[in-house]
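Input: structures, listed below.
Note that subunit A is present in both complexes that follow, paired respectively with subunit B and with subunit C.
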Partner chain A sequence: MLIPYSMKNCFQLLYNLQVPAAGFKKTVKNGLIIHSISNDVYQNLAVEDWIHDQMNLEDKPILFFWRNSPSVVIGRHQNPWQECNLNLMREEGIKLARRKSGGGAVYHDMGNINLTFFTTKKNYDRMENLKLIVRALNAVQPQLDVQATKRFDLLLDGQFKISGTASKIGRTTAYHHCTLLCSTDGTFLSSLLKSPYQGIRSNATASIPSLVKNLLEKDPTLTCEILMNAVAKEYAAYHQTDNHIHLINPTDETLFPGINSKAKELQTWEWIYGKTPKFNINTSFNVLYEQSHLNIKVFIDIKNGRIEICNIEAPDHWLPLGILDKLNSSLVGSKFCPTETTMLTNILLRTCPQDHKLHSKWNILCEKIKGIM
Partner chain B sequence: MQAVLCTLRAVLSPTTYCPSKPWLLGAGTIQKLRMGPALLLVHKFTEKHEWITTENGIGTVGISNFAQEALGDVVYCSLPEVGTKLNKQDEFGALESVKAASELYSPLSGEVTEINEALAENPGLVNKFVMKMVG
Partner chain C sequence: MHQELLRRGAGKTAALATRVALATRSAPPLGIFCSVSDQNLSESVASSRSLRFHWELQCQDVSALRGQVVQFKLSDIGEGIREVTVKEWYVKEGDTVSQFDSICEVQSDKASVTITSRYDGVIKKLYYNLDDIAYVGKPLVDIETEALKDSEEDVVETPAVSHDEHTHQEIKGRKTLATPAVRRLAMENNIKLSEVVGSGKDGRILKEDILNYLEKQTGAILPPSPKAEIMPPPPKPKDMTIPIPVSKPPVFTGKDKTEPIKGFQKAMVKTMSAALKIPHFGYCDEVDLTELVKLREELKPIAFARGIKLSFMPFFLKTSDKQKNSTMHVKNFNRDQPRAVGLELKASHNIGIAMDTEQGLIVPNVKNVQICSIFEIAAELKRLQKLGSVGQLSTTDLTGGTFTLSNIGSIGGTYAKPVILPPEVAIGAIGSIKCFHAIPRFNQKGEVYKAHVMNVSWSADHRVIDGATMSRFSNLWKSYLENPAFMLLDLK
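Presenting the complex of A and B:
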């Protein structure tokens, strides 16, 4: 069979050619363990997409280890405004990613291990995978009390969540991925995953907040390295395959043809924000201006991340009516995004009389509005 | 009322197909099967568990009882916009249930003419109304 040169180093081919150490025995189940050398959440999510879309996993399950630099990852059908503090994330330079599996919002940093179990749709079994992880943990620390719940969480000591699960099921393949908290910044996690945004009505899937704990807090020997090796060992034993973790580079196009465009797509505004299910904001805020309190009402409908209906109301005497109408109509169709709003409101301001008081009121109003984006 | 996902204006004209086993419609269904020389109402299951009923060039798509049972309680339906053009086998949306996003594949090539808006508010409807096969 002639293989095009570009495909010669392709991951699938390399996997097909891999000879199990025990030889071609029918009883030998195959399995491959890989670990990403990248800490970029988009590149790592792209690996998952690539394997899911491109690979034939018949008798060839894969376990993928990956860790990310600080990022918040939301589920496919979630609303980021509902799930996390986007303002704080922007200030701190925390990335936001939307994954293709279901489930809730999580915070990743280098103290968190992500594990993805790739199988055929037939062999998709989340509980089996979680039991494997528990066995691995107990192999390192037999005293550890870790249990899987019906919702596929892993609980430490019956109360602290150390792992959350999500999965994606395709035509012939499926993957189950989960987190594992070793030494994540718990305080930061809590503040990032707490949304400050009020008045959101949405049918997006909502996260269920849980008390979390790091395994390292429970037992200082449970580092990320130790845990990854323990799970790999257990996986290799279960699948009767080599206990060898292969390092992979998610930006290598010869290994994963087309992967870089997948990573790019995951970083687009259209995917991250634009995929948010339709939602509505109905809220109000108080503005302090020259020692008096004013109430601003906001009613916004957002679809595909863009403003469909915009109704910002302020007391008549405070701003000329005309200008609020202009603001409302110019925001329709624009992205629900502080950068785009800044641009639009600056343009509008230039059409207004050069009145210092008006400008100052306008800036106060716009800052408040951008604050809910 | 069936828990249909959407309707497609088919690119290909529907082929006449006589099921060898009669279909028994689940409780609450008002859909009728019309038989006759020009069999316009066609019902097919893909091996991926999406079903399609075609009538006069319009296909109605839903998921089978087997599929909805396997999924468990559906908490979210992601469906395409009206007007979206799909090729056969294209992924057109997903159903989410207990943290699993399960992809939906188009059984036909066509253009989406209507989506079941009720599923946005109440995704659990997918589990309630099904087509059942007897025989």
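Presenting the complex of A and C:
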């Protein structure tokens, strides 16, 4: 998409204001620090996308602070079924987002600070950014034992993870973002990032679970505000730029033309679930029906979030083969999603013979199938 | 002629000759023309004409053949990364790519990298499959780039209309060199190639040149000021004939797209096919809702105080139920069974409401309407609508319906021919209530009053319900709605 020059200037203008009026020396590096006023994970991810796509960051890096309302964010090539408890998320109204950078799954809430370092591809250096954060933390609390690991994590006291990293490299620009655990709900985090789904086989990037801790637990003075200001100060000093955090509104089309359609794209089913690498499910479960236990076997192949091959096997004395065949063939091509499956199985029921027992068996089976989606 | 042919033949490479030979199959390659004897000259002239015609048509392929196949190597990603995993391909063999198009997504140690093409051309080979490890410095894809200067000369201007000057090669006697991809870009942005300064080899216009040209266009937000069009007065025809404007027929270049029917849609196909096996008959009527409109206005604030926005639907549902006979609430078990099982008159009247959601048609039902008050029905409708909008309707909500009402009127329309949802035996489609566009009607006294009229269309299974039954049902439904006070009499 070609952005007319004058539109590009909107955010660029703000950005250019950072250039000192009195000439420029080659050694002077400049930067811009921004903070999103929105807590919507999709809008904030869209800002990252926009800056990455639209801006020329030659010698003018950007630091972006953002926080989200409770959401789970998975990496670009991850499998949400493998990474988190989707059923729990649906019950609790926790959003699921897929970011464009790699890496593992994380839980965001207002007690977690996200930092994004935008640079040119040449100046991409994750360790440098992490060292900056460590200096900032030590400036606030010199006794704090925080170290960056080879995996670009930040560990507190040598064992607790307080920050995870991911990045995206494009043609000319790159960004490195990381979290900073300040006062996140730790128990909720553990339960959300634990998948209950069995029998998944996939090549998607798997997350490596770590023991986490909040900085606030270590030291009650380390609030989100204090931490953000500390990092901003360190960044400003390092890049010799103004220590001023500009507030930005991610829904402002005049500032970021085209950003709302980016945010919309990030919310589509096709992006969040459809981008899951090919995987299959090979599992079985027991169904209790009139005091007897029945074993149902399930083999499902899923590609682009849609069912490619569906083989649900149930004892044929319980459910006639014809009915099972109908269910299996109808599910092929449909989204691996409980909503779509509910609608599909209900409407199919109308074409089945009208028999109470059959209907109740069908409903029991379908509820179980939906439970693995 | 012969000499001309000779000259042409000599100027071409063997590769071209081979290609052309392959294309035409019948005519001998140009190179061989040199040795054609005079006796066969006329023959060869004729075949050379057809050859040249084929040659012009094959120009694209010919020029492509003359392009080089370039090995696009995986460039350095930074941070000393030597290997990455290929996670997604954005192209496949045979695809055409332009410079800067995304080719694939690779991942290395938490970094997701988008690899973009350095060239315009056609993808000839992918070196890796998904989840393979790719190495920096080793080939990633083969791209057949469009050949340089030579091919521009070979692309002969065919008789086909080059419909605008953007693609026209020779402008003011100077050939503008640009690849087809760059030309397309220029055309899409309404740029005359003659106005762009080429920065490539031999003044060739590159993609960057187009982008720079666009950047210089200031005031792009404002729509271009309309050109002052001075229409010269039409010349007075001397022979009184009216000149017929000759307009070029618009060229439509859209392509048909095949979309397979998947998932829920497929299930709908099955259900609707089954539904249409039912012998439907329709019955339509008008209902004067003037009184009901007044009643609803009175009841709205009370319902609102209890947290419910009162619509007309609860009234429609309740009156569908206030029938002496429950013939409407029947499950037809006769279909497709060799032995007729008969009808089951349902004790629970669960009236379904057809809802239009993002995923498609969904019909949740209100259970036991026979024992619910209008307020209770309204509350239940609110719950179902809320769940329906977020796609969280349960199986219980969606099964067990005995009768359906479709409120298509909320979108628009007057009369409909609704399709019965098996295994039910009847369905009603409610048209829009002309609330804001009331129509004049005569009352009993012959006075004109403002009436709010709504149309309803019923469909019923003629194997089970006859015309008289339907008519009586509809009339009773209508009378309750036209005179809400009557409902009180039969209130249970």
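Methods note: the second predicted complex is superposed on the first by the 357 of 373 C-alpha atoms of A that agree within 3 Å, B and C clash if a C-alpha of one lies under 4 Å from a C-alpha of the other, contacts with A are read in each partner's own complex, and residues count from 1 in each chain.
Rule of thumb we're sticking to: a residue touches a chain if its C-beta (ideal position, glycine included) is under 8 Å from a C-beta of that chain, and two chains touch if they have at least 3 such contacts.
Quantities reported herein were computed from a predicted structural model and do not represent experimental measurements.
For the composite obtained by superposing both complexes on subunit A, the positions of subunit B and subunit C are in clash. Contacts of A:330 after superposition: subunit C is touched, whereas subunit B is not reached. With both structures placed on the common chain, the touch criterion links A:75 to subunit B and to subunit C.
With both structures placed on the common chain, the touch criterion links A:343 to subunit C but leaves subunit B unconnected. With both structures placed on the common chain, the touch criterion links A:251 to neither subunit B nor subunit C. After overlaying the two complexes on the shared chain, residue contacts for A:366 are found with subunit C alone; subunit B is out of touch. Counting the residues of subunit A touched by each of subunit B and subunit C gives the higher count for C. Of the two partner chains placed around the shared chain by superposition, subunit B and subunit C are both touched by A:102. The superposed model puts subunit B in the path of subunit C at one of 41-49, 95-103 or 239-247, which is 95-103. In the superposition on the C-alpha atoms of chain A, the part of subunit A touched by subunit B in one complex and by subunit C in the other spans residues 75-77, 100-104, 151-152, 165-171, 203, 205, 277-278.
Within the complex formed with subunit C, the residues of subunit A that make contact are 2, 4-7, 75-77, 90, 100-104, 121-122, 124-126, 151-152, 165-171, 174, 203, 205, 277-278, 306, 330-331, 333-335, 339-340, 342-351, 353-354, 359, 363, 366-367.
Interface residues of subunit B, counted against subunit A in their complex, comprise 48, 75-76, 78, 94, 96-103, 105, 120-121, 123. By the touch criterion stated above, subunit C contacts subunit A in their complex at residues 77-79, 87-88, 100, 105, 107-114, 116, 130-131, 189, 211, 214-221, 260-264, 266-268, 270-271, 274-275, 331-333, 335-337, 359-362, 391-395, 398-399, 421-423.
Those residues of subunit A that touch subunit B in the shared complex are 75-77, 100-104, 151-152, 165-171, 203-205, 277-278.
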